[in-house]
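Shared between the two complexes below is subunit A, which has subunit B as its partner in the first and subunit C in the second.
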Partner chain A sequence: MTENTKVAAGVWLIAIAFAFLLPVICSYDKYILHVGITIAFNIALATSMWLIWTLGFISFAHAGFMGIGAYTSALLFTGLGWSLWVNMWLAAAVAGLMAFVISIPLMRTRAVYFFMASWAVGEVIKRVFAYYRGIFGGWDGIFNIQPPKLVLPGLNIDFSSRVAYYYLALVCCGLIVYVIHRIVRSRTGMIYWSIHESEILAQHVGINVLKHKVIAFSTACALAGVTGALYAHYHTYINPKTFDIWQSEFSLVHIIVGGLNTLNGPVLGATLLTVVDELLRPTGWYRVIFFGVVVILTVLFLPGGLETVPARLRALVGKWRKRSD
Partner chain B sequence: MALDELTQMTLTGINLGLMYALIAIGLTLIFGIMRIIQYAHGEFYMLGAYVLYYWAAVLKLPYWVGIIVSAAVIFVVGAALQLLLFRPLHGKNILYSLAVSMGLIFIISSGGLLTFGTIVKGIPSVVTGGVMVFGAFYTYERMVISIVSAGLILGLWYFLQRTTTGMAMRAVSQDPEVSSLQGINTRRIHWIAFGMGSAMAAVAGCLMGTLLSIVPTMGFIATVKAFMIVILGGLGSVPGALIGGLIIGFIDSFVTTLVSADVAYIIGFATIFVILAFKPTGLFGQDWD
Partner chain C sequence: MLELERLTKLFEEGKITRRTFLSTASALGLTAAISPALLSKPAHAEGKVIKIGGAVPLTGPVAYWGISTMQGWVDGAAVINEKGGIDIGGEKHMLEIITYDTKGTVADARAATTRLVEQDQVKYVFSQAAASTIGMLQITEPAKVISVVACWGYLKIYGKDYPYHFRAEMSDYEQGYAYIPFMQEHYGKDKLKSAAFIGPDDQDGIDCNYSYKRLMEYYGIKDLGVEYFNWEDTDFYPIVTKTLKSNPDFIVTSPSPPGITASIVKAAREMGYKGPISSPAASETKTILEVAGEYAHDVVLPVTCVEPVTDSQKAIKARFIKRFGDFNALAGNYSWWIYGLVAAIEKAGTFEDTKAVADAMATVVLEDTYVGKVTWEGQNSFGIRRQGVYDCYTTLIENGKARLADVRYPELPDTY
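What follows is the complex of A and B.
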């Protein structure tokens, strides 16, 4: 087991090093950096959705909370001129607070009902943005959200440059993944998995299930809010369609294809599928069909996702060795 | 509010509500018997409408036969998909059925866009004319559609209450293990229920396709409505789906006419949310795991 953890740590280090060197490797190619930034956003969304999954739920309101973060940050920028550095935290706070308020009635529902109710929440959030033209700009959205500038003594970075924003997205995404990693590895994380395994049993050994559900959901949504703020300041333009159910669906695809059991899964899935998505972009609708086929094949033939491939291969090799002995 | 407007909105509400109920009953049947999330339910609604389109508008064959053909085709497609994709997932976490049906949505709706094209199409109506009711114009077409929807819902109710297969379905939805001990072939019930549920969505698609227009992306909206209704009424409950359908139909009709379609969505979802907050299993639902 320790051997596996060591290998995993090694792979993680190589991946992080590669991510930091990517701008140099691709010789500051703007398109590749854009893909890198998209991957960072997708990883942040998928991992924070996965945090909810550790309690045994799937929330389709996730893109909606990303939207709340994005709109908070965008409105604070266009209305008050505050920069991303402040807005990011406020976006997290607003998204987290909204999630907290909503989750208290929401968490009374279970299984399919929870999934559907969260879906309803996501749709309502989108429709509210679409309906209130005066505040949220309706279906047209909000324009002209500028990336921030960092002015420190001896340091002056303008994040409207692609490379600078790439590092910003990378660091923020890394921090989000690290926070989730720490939560999942802690005692609290074990409590989450126990709720995942059996809610009733968890309740009977004295775990306050509702409290943990509410806190986990709010945390995950706050992290999605930060992602939304970063998204808004990167694209400089947001509209309700961006925070559609589609966004949540794709995050779920990333999690399922990557793997459901550890944090490696969503990271792997989001990275790989975003790259595939970009490669298949010229094929138009066939791209979506491809994703559908991949999801179905994964569920039917590779339950547990891509992260289980090494273990499966090892088992296969072991079997083969035994036979040849 | 004038009387004619009120009548108009009420009639539209009943019309929409019955149609929604038709889609939602299919979904609730599938859920009640298999306990899976059939997220791609609306895609069968879309496919049903296209089968009728090719039958009636392209091949110029008789309309009413077309509806039966469409229902039969979608029955076979649904039953085949159940045997192929959903049977292996039986008894697993609902996430897996959600994922598979999400994959189906991707495949069917994009495949639909590729094969049927993005152009909006219409199915020619066979019933023309109308009648004035309290100053509101009520077309015979809408009347026929309401009657057909209501008839199908009643027919299904009779099927579930009186026939052997129907009773077996109710037994499976109450307790799969005990019913298989009683000699019910649950696997057979599964594919029949899936086929029937999908066929009901297809008929709704045919009726709606005549009334409005058809596009390959219309399936998802039907899924949204069907899920709203099923959650409102309680998963697995047929009367719940009927009442939920009428509630959502009336909200859609009144709010869309008086305010806007976005607000209709917001109010619809808010209603569901409030109901779930007070009764987490919907109006008539049981507590499922």
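What follows is the complex of A and C.
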């Protein structure tokens, strides 16, 4: 383990410990816990979108697959009374399966064509929810998607409690990040980055590029589906607009501001921008200006995103030490 | 700004690089821009204060509605505070308005309302548009916080099961009992035997179509069908062409903002349509006149007081221009909400017991507001009086000129 890796592991441990202690630190303030839950959802969505980015693609359909997961879980709950504990797996399966089918033609496209095609897929998913009113509730959406309860011998947790849902979101978000971390650190992850660097070269060294692209896309969308299920049971209401192109675009901003090169990027970006967005809520239209300015400044002055700040600081300190010597 | 001047001087003298100059100037500019909004505190923060929260869309596609709503509350609070505040049991209380942006989304509305209720400890909130209302109600009803909103349709989340939820803005349904009788009188009942509907392809459009259908049935007018447009549409000729195929005596478009109403009017007139076109949600004439130009004729705009008539209306307009630099009829329509709430608090003699305030609010009648007489109705329809109903000021555009053509309180059926 290198010195940098040790520092990174330490920072991660502190962040996780802080996240677990947050309810106590904030004296169980419901608003702060709500922000914490929102951060967890944003991290889960941004990191799963980043998994697709490791192939070199940005999918604007990502929020649509989150919607598929949300609607699957919501319909199973309102129709059959099934709990989130079962539904979240089915949400992942349905979102993953739909992604698998769609990705076979979608992943044959490249660059701007993929961008346009994924945009269209996202829009079609939203329109399907809106059009089939009898099944999906149309634009009206689905109401009364209740949070689950966990009843085990000696343990009875009602997740309608904000604290309980915070921990549920935190654990699920943590698992999603961990799964993605394991994937990108494995040999498969290296294959994804090689496709990212040069698809043609990867193909020439014997990698089945389409297969890997389809699997990565389906996995990312399945994880987005889980996020969607968690989102639906927290907000208790969903409608097609919740999962439109803007949701994907916000995730993209989280990734760009946080950094595109490692998993730290989307986690940092989603956390920081969600907090800043909440701090700026009383400023009305300044929020929009701020977001625009942050993205422009990041692109101009912080290429590589927030994740590059430690390295930049180290370089700066080194330079300063060298000068003083 | 002194810092910026110093920075510019350093840059001109070549003492700092272009990159440093740009980044520092941007940071300074941003700080200067947002700090007033972050740091400003009301002057009366030390006294007895009743906080009222706004979770309204200040950005996004429905920001125009949200800003208009906020202006009504901010102006009303300032007027009431200047007069010494609210009298509760002989004690004066000042009003403080705290507003957060919801971007017009459900999730943001929930976050904004949670912040208002949990951190700012407000007991009264206002909102605008369906998405913000849905997000808000999840928090306000369990917390027994009174919500005053503009929200049409979504009847699943309205009525007896939501006793703290008031819908202050008249929807196109209530408006219909004023503007349809007016149109029948103005154009002749025999000339308005059939109608067609144009609305957006979303829940608002579906809900408004449902209101329209009930109105057509009530007045014995034949419904010739509906055409839906997408919010992104700019070409309305295909939709209007389909609508005109059935040859309706008049067209209702709702909820269509002024720009879309104008485009529909223009397309219909260019294709030779002569009948009247009603738009219950436009509430504005300037855009329609500018976009439709010479084609703006026989356009019926309910709840649109194009020019203040009464002294109260004139005073509201003058105050809004002074305070906000601008005035629109929609903001005028929302300006009575705060007075309705204040009257209820004074009537209940408490601001902490929101149930008592809600009960009192249902009985409040305001006689002289921007929208004339205001009451709360809906007992027979919804089992609870929570729908604001008021004089409907109907503006008529004829030959490119707008004029106030009718004022009447909606002739609601006994079953309402």
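Going forward, the second predicted complex is superposed on the first by the 324 of 325 C-alpha atoms of A that agree within 3 Å, B and C clash if a C-alpha of one lies under 4 Å from a C-alpha of the other, contacts with A are read in each partner's own complex, and residues count from 1 in each chain.
The rule is simple: a contact is a pair of C-beta atoms (placed from the backbone, for glycine too) under 8 Å apart; a residue touches a chain by one contact, two chains touch by 3 or more.
What you are looking at is a predicted structure, and each value in this text was computed from that prediction instead of being measured.
Once the two complexes are overlaid on the shared chain, A:303 sits against subunit B while remaining clear of subunit C.
Using the contact criterion defined above for the overlaid structures, shared-chain residue A:215 touches neither subunit B nor subunit C, since it reaches no partner.
Of the two partner chains, both subunit B and subunit C are touched by A:130.
When both complexes are overlaid on chain A, the residue A:286 reaches subunit B and subunit C alike. Using the contact criterion defined above for the overlaid structures, shared-chain residue A:119 touches subunit B, although it does not reach subunit C.
Applying the stated contact rule after C-alpha superposition, one finds that A:111 touches subunit B and leaves subunit C untouched.
Looking at the shared chain after the overlay, A:295 reaches subunit B, while subunit C stays out of its contact range. Within the superposed three-chain model, A:272 lies out of touch with both subunit B and subunit C [touch as defined at top]. Within the superposed three-chain model, A:256 lies in touch with subunit B and out of touch with subunit C [touch as defined at top]. Shared contact residues of subunit A, touching subunit B in one structure and subunit C in the other: 130, 285-286, 288-289, 293, 300. Put simply, subunit A touches subunit C in their complex at residues 29-31, 34-35, 38, 130, 138-141, 143, 235-237, 239, 241-242, 278-290, 293, 297, 300-301.
Residues 19, 22-23, 26, 30, 33-34, 37-38, 58-59, 63, 98-101, 103, 105-107, 110-112, 114-115, 118-119, 131, 134-135, 138, 154, 156-157, 201-206 of subunit C are the ones that touch subunit A when the two sit in their complex. Interface residues of subunit B, counted against subunit A in their complex, comprise 31, 37, 85, 88-89, 92, 94-96, 98-100, 102-107, 109-111, 113-114, 224, 227-228, 230-231, 235, 260, 262-263, 265-266, 269-270, 272-273, 276-277, 280-282, 285, 287-289.
Within the complex formed with subunit B, the residues of subunit A that make contact are 53, 58, 105-106, 108-113, 115-117, 119-121, 123-124, 127-128, 130-131, 249, 252-253, 256, 260, 285-286, 288-289, 291-296, 298-300, 303.
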